[in-house]
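To start, the structure itself, in structure tokens.
Chain IDs A, B, C, D, E, F, G, H, I, J, K and L follow the sequence of writing; residue 1 opens each chain.
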Amino acid sequence: MNRQLTILNGPNLNLLGEREPGVYGRTSLPQIEDDLRAAFPDVAFSFFQANGAGALIDRLHRAHADEAGGVVINPGGLSHTSVALRDAVAAVVPPVVEVHLSNVHAREDFRRELVTAGACEGVIAGLGPRGYLLAVRYLMEHASTGA
Amino acid sequence: MNRQLTILNGPNLNLLGEREPGVYGRTSLPQIEDDLRAAFPDVAFSFFQANGAGALIDRLHRAHADEAGGVVINPGGLSHTSVALRDAVAAVVPPVVEVHLSNVHAREDFRRELVTAGACEGVIAGLGPRGYLLAVRYLMEHASTGA
Amino acid sequence: MNRQLTILNGPNLNLLGEREPGVYGRTSLPQIEDDLRAAFPDVAFSFFQANGAGALIDRLHRAHADEAGGVVINPGGLSHTSVALRDAVAAVVPPVVEVHLSNVHAREDFRRELVTAGACEGVIAGLGPRGYLLAVRYLMEHASTGA
Amino acid sequence: MNRQLTILNGPNLNLLGEREPGVYGRTSLPQIEDDLRAAFPDVAFSFFQANGAGALIDRLHRAHADEAGGVVINPGGLSHTSVALRDAVAAVVPPVVEVHLSNVHAREDFRRELVTAGACEGVIAGLGPRGYLLAVRYLMEHASTGA
Amino acid sequence: MNRQLTILNGPNLNLLGEREPGVYGRTSLPQIEDDLRAAFPDVAFSFFQANGAGALIDRLHRAHADEAGGVVINPGGLSHTSVALRDAVAAVVPPVVEVHLSNVHAREDFRRELVTAGACEGVIAGLGPRGYLLAVRYLMEHASTGA
Amino acid sequence: MNRQLTILNGPNLNLLGEREPGVYGRTSLPQIEDDLRAAFPDVAFSFFQANGAGALIDRLHRAHADEAGGVVINPGGLSHTSVALRDAVAAVVPPVVEVHLSNVHAREDFRRELVTAGACEGVIAGLGPRGYLLAVRYLMEHASTGA
Amino acid sequence: MNRQLTILNGPNLNLLGEREPGVYGRTSLPQIEDDLRAAFPDVAFSFFQANGAGALIDRLHRAHADEAGGVVINPGGLSHTSVALRDAVAAVVPPVVEVHLSNVHAREDFRRELVTAGACEGVIAGLGPRGYLLAVRYLMEHASTGA
Amino acid sequence: MNRQLTILNGPNLNLLGEREPGVYGRTSLPQIEDDLRAAFPDVAFSFFQANGAGALIDRLHRAHADEAGGVVINPGGLSHTSVALRDAVAAVVPPVVEVHLSNVHAREDFRRELVTAGACEGVIAGLGPRGYLLAVRYLMEHASTGA
Amino acid sequence: MNRQLTILNGPNLNLLGEREPGVYGRTSLPQIEDDLRAAFPDVAFSFFQANGAGALIDRLHRAHADEAGGVVINPGGLSHTSVALRDAVAAVVPPVVEVHLSNVHAREDFRRELVTAGACEGVIAGLGPRGYLLAVRYLMEHASTGA
Amino acid sequence: MNRQLTILNGPNLNLLGEREPGVYGRTSLPQIEDDLRAAFPDVAFSFFQANGAGALIDRLHRAHADEAGGVVINPGGLSHTSVALRDAVAAVVPPVVEVHLSNVHAREDFRRELVTAGACEGVIAGLGPRGYLLAVRYLMEHASTGA
Amino acid sequence: MNRQLTILNGPNLNLLGEREPGVYGRTSLPQIEDDLRAAFPDVAFSFFQANGAGALIDRLHRAHADEAGGVVINPGGLSHTSVALRDAVAAVVPPVVEVHLSNVHAREDFRRELVTAGACEGVIAGLGPRGYLLAVRYLMEHASTGA
Amino acid sequence: MNRQLTILNGPNLNLLGEREPGVYGRTSLPQIEDDLRAAFPDVAFSFFQANGAGALIDRLHRAHADEAGGVVINPGGLSHTSVALRDAVAAVVPPVVEVHLSNVHAREDFRRELVTAGACEGVIAGLGPRGYLLAVRYLMEHASTGA
């Protein structure tokens, strides 16, 4: 069973915790990563954050080349605009789950268009940092049952 | 701690398992309910399914009056059209998580408009029946930490 | 002269007073009904609230069958979506006045579309519970002058 | 051969004959039902009218459970708005034909959007009460040839 | 009683039976015409097919000049674009019924716009070649009752 | 208590009574003003009509400078277009109620956009000249209760 | 026969001849007025130009009060935005013909929306200063034949 | 000086006089042609009517090849849809004036889009058969002054 | 191997070389045809130009009946509007390549909608007369490799 | 060198300082004018404020007639709607810079459409009263360098 | 007082001076930087140009980490599309002013949508290289007054 | 004559051959590059692929600095979204031809918007890997003839 997961975070998520905390909360990205390691001790995580779409696509391709068991991606603002990132998700074999910290459906109109989500397996939005934990749990159960 | 959860299912979800299985899978609604009871033995679940928006709103109000600890709702097709159901979600105190079995972002254009989701705490879409389990897990953790 | 009026309230108006009081105020629906009875002692009111469009249409048809002198309707969220309710208003003989507690023109974009209002005689919006009183007054004067 | 047909009529069709006769004609719904029985004496008709989407979906599910040979539905105003009813049509096995008394393409813009029709086998619009007769004829010929 | 009917078929319907059979079926246009003659032996049919809007309008004008009892038209792709053909339908005296073999409401977005239908008496769509039979039946009954 | 009210009427309302009486009725503006004076003898009314947005904004500013107790405005066609008038309503202290004689929701599409109404306290539309009376009543009750 | 015509020119037409001559030509407004007087010596012209909608509406009302035989209006940029001016045209009795010097259909998108034209008797656009002459000729012939 | 003019009439204008007289009037096309010949005895008119865009484009090209002094075109319903006809107008040397009998700006939304007009020199709409006379007058004056 | 190709040119392409040379260049259609014959001496070309959609569809059907090896089509302005021509392309067996002389993506908005292209194998736009040569080369290579 | 500048302020800017100070700040218009005089002692300023578009256009024309060296305009709400004012800016010779106190791109959707700005030389928005100073500085430098 | 400013330039601004000089002028980016240093000798500038959004976001984050006193950003084409860059602007503490060399409101439609500007403090557009000087001046005055 | 060509491939084209082969075929990018070298042995190719827009713009600028004879670009998903890349194409001197492997006009709606193509010389879409060969051929012929 493949327990290698890639956790991709897009633009501005490196500022998590200090960036608009009323919207995104006060948990930092390293804390989220620690929480994931603690909650899933037998998963081999690869964490990656970048502010450019190109670097995220590169890393997604690598997860594909490395035959990762799954990918959790929070594309940040690219979720609403990047056809290139959507195509990358569609191009790779590992299942991809999209996560958003905030409830994008309750914000500005332009955040209600989810370009990348259409190529993902599914989306978890608005559940804060717990969204990452649930996405990993889904991928792990998915892997274990083959469903 | 409030471990009373209401699980609301909207129109056509009573046909789950036999309805368009290519889209919605082969698991029936009773099986999903059994899985929830098995996975969360210490939660007091109230299950309710109805095909009309009025009945779902009535039931949501009752969860409010009963001071339920949370609500998981799969509004089915009403998700894309019902301002009344959205207003009901906004009107009640218990946190509400919306679940969709299929990835609505990968289907017809009219399914990409999520009217009710904007009033919910968050959304889980495309992860099949596991979406209910993740939503309950979120609400239980939410309840236990008060976060 | 026909002094029988039907007052119809749509989804979530049963929660009035406790529901989003910043938007809808703190007056409950029974209080509004009491105020109407007190202000118009010689009017025979029929009050009805329901959360489903079907029940509201049924009741509107009954007002028609009973040859009510007029109807005041607050369709709640159905105002923005229900062609069926609009058709019901167009189908019945008694004059119908639509009331909204909040100023729908100052809220979300989807509340600026008034589907049902196009079939009503007129609309009063944003004047709070007084809107019901003004609507009844209009219908009573209308009835007495035949204009 | 299955000669059991369900004839579903949606909101406000109970007022047929007295409701906006310039648009919908002067034939009442019972007259239409009598005409159908007279024209197709060997068909076992189930007639049902309701003003709410939920009740119509319930009844459509029953036609499915009863393995009806076909369904004729006039969804009234729900035709233009109800994704839930569309999903119900898509969920059931019996072929469904949508009927409109008036020519919806010649009326208000919002009546030109036919949400439910996309899931039906076909649509007959603008041919008045004869539309029901033609739809039943189609379903009967369909049943007899298996085409 | 006027039993002269004109059956107009627009662009590409001459290829019926071999053209995209998954969408349009395997019945050829001559077969449909034979079926109509067989089913309505006492109707004097004029059949006409053309790929250009101008020729169809010419022929529609002729039906008008000849005082035909009615017209059945399948405008093919012109249905979605031709204001000129729509105006022709509006200009002529004989009642016109529009027929589509496929369910245009279940196909590409641009097929959901029915320009010509708004000027017709009604529309039958998605019922395959039977649609022509039903349209003729409607026109014949219409003629015989004068309704 | 401030019983000084300004009644503003926008473009073309000076022609009331002779202008499109099928839409706007046969009551003239002076008659409406007389009716208001008669119905509210203890209110000090300032009546003003102008066909230009600038003059209406000037007058609205004066009502503000004079600390009027409220303003009733019928912006006529400016209601659908004038951001400047909307900004003026938002800029002044006295509560403003918008009145339309006809039911703007039942007319041309461009009349369904109410630009100025979003900055008003509320709107009364479609109730004819009585709309002014109801608006004044609302402002007077508002003033007396401070609610 | 009423040979009194009002010629109304809207915003910026006072600058004609020096304003964007590539678009509007080099003929000044006084020259156009002289040409009209010369071409129609037995017509009593009232010429009026203003840059504000209010003044134009006032003047249009006056033409109505004076029972002018017709009005030629070049609303300039107001043509594309002013519902108030459109309503004024609809409110007055004399026939109104709209004139544009440039071909508005060949310019920016926002000039293709002709708000006022819908209430006029007709429109002449793109024929330069001759448009005024043709419009007057139309009104004079119209008056003389009563057609 | 070139006094050869081509008068092109598009789809359905051959039915003028009997076609929707409430909209298009009771004057027939031959009468219009006679009126033109009578009013402009020294102009060599070529009259042409066709219901298809191809034939109109062919004829427009011929006017170009014949070096006509100008063209008056009433494209009928093609005005709102035909890019091909628009391109033809742009391709030819003789000046083209578009004429509409009815005021297209006062009718259905789809008639407010004037595709062909953008390539013409100008447009005259809503002035009935006189529109042709005015267009010819414009072209003749244009030719005589060279402006 | 099938070396019979049909080259279809739509409206106004007969004027190539003299028509808006700044946009479409100075090469005439006969020159393009000569260049094709010279470049592909072993291809049997059928050249056809027409200004009407009907004639182009007729000719496309003939290429189908003749089992042509491929079709190059420049639909001119019909590319942006003709669903009928698109359906014809979809209906025929030979592969069809669409060619545009100018870069339609760099011109008016209405030229950016390519209706017919969606049914073609591909599109070459903006490369001038060379586009025809490249399209033929593609079809010949396609034919020779069967790919 | 021309050091005569006109500073135009549109509707509601006379209320600056007391009008929605959270949006527009607490500086009054006279203070802004004083600041400009103090900062540019060798500039001859003409200050003008009006609430109507007509008056602003009149004043803009005067700046043109007076051969002003430049104009700073804050059109207020007219910025989003007035084609007439845009045309006035395009019609005059002096360079015009548009200023907005608030950041219009961060407010309601209808404020993101800048109609007048397209005809101006440039726009400064969101920098508060300093925007006027910067605009004047730009015009002065522009004048001195002739660039 | 913090006199450290970051000047960010986005895609293609490295080609300034040689790139479309009719639109963007002939001043190169190094010249602009020299002009800024000369005009503000006591400001510590950090200049940065990149063609990718990721690098610009990285650099914006660094300005935030370095506690810069302000940022001037010309996002080039990213201004119209990048939600990620907008989010970066919203995430950082230093005030950000957006600059455009050309007047984006006078160009293609897609340049009128300013995605990033909504998160900035303000925008200066169309004033050429002087826009940078004015933006720096604003930030310096802002810093010195703390307003 | 300049025989140096740059071949740019955008996001995800490095996965060609294994990525959604049903859509993009089974030819890898190195194979396409080999085919180009084999077909044009006297062309000096520079091949470059990157997943980020910034890197592609950088490389396009280099082709400009190196005075390449032309550029073939397949922008992948960036074609539909990147104004920055479009601006880069417009900024450089070498002619640029856009290539798409699949027929973008036959896919999702968002792929029908070609942002970058408007700045290119032309587009070849849907002809698979042969598109690159045809684009190079065009650029070579272009170079040799200077046309």
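The criterion applied here is as follows: a residue touches a chain if its C-beta (ideal position, glycine included) is under 8 Å from a C-beta of that chain, and two chains touch if they have at least 3 such contacts.
Computed from a predicted structure; not experimentally measured.
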item: Shared interface partners, meaning chains that touch chain E and chain L; value: I
item: Starting at chain K, fewest touch steps before arriving at chain L; value: 1
item: Repeat of the K-L interface, chosen from G-J, C-F or D-E (over half of contact pairs identical by residue number); value: G-J
item: Distance from the mean Cα position of chain I to that of chain H, given in whole angstrom; value: 31
item: Distance between chain centroids, defined by C-alpha means - chain B, chain F (Å); value: 46
item: Gap in Å, rounded to a whole number, between the CA centres of chain I and chain F; value: 62
item: Multi-chain contact residues (two or more partners), chain G; value: 52-55, 81
item: Pairs of chains found to touch, sorted by chain label; value: A-B, A-K, A-L, B-C, B-D, C-D, C-F, D-E, E-H, E-I, F-G, F-J, G-H, G-J, H-I, I-L, J-K, K-L
item: Residues on chain G engaged by chain F in the complex (per definition of touch); value: 52-55, 57-58, 61, 64, 81-88, 90-92, 115
item: Chain I partner contacts - residues on chain L that touch it in the complex; value: 97, 103, 105-106, 112-114, 117-128, 130-131, 134, 137-138, 141-142, 147
item: Complex interface listing, chain A residues touching chain K; value: 10-12, 14-15, 19-20, 50-55, 76-78, 80-81, 110-111
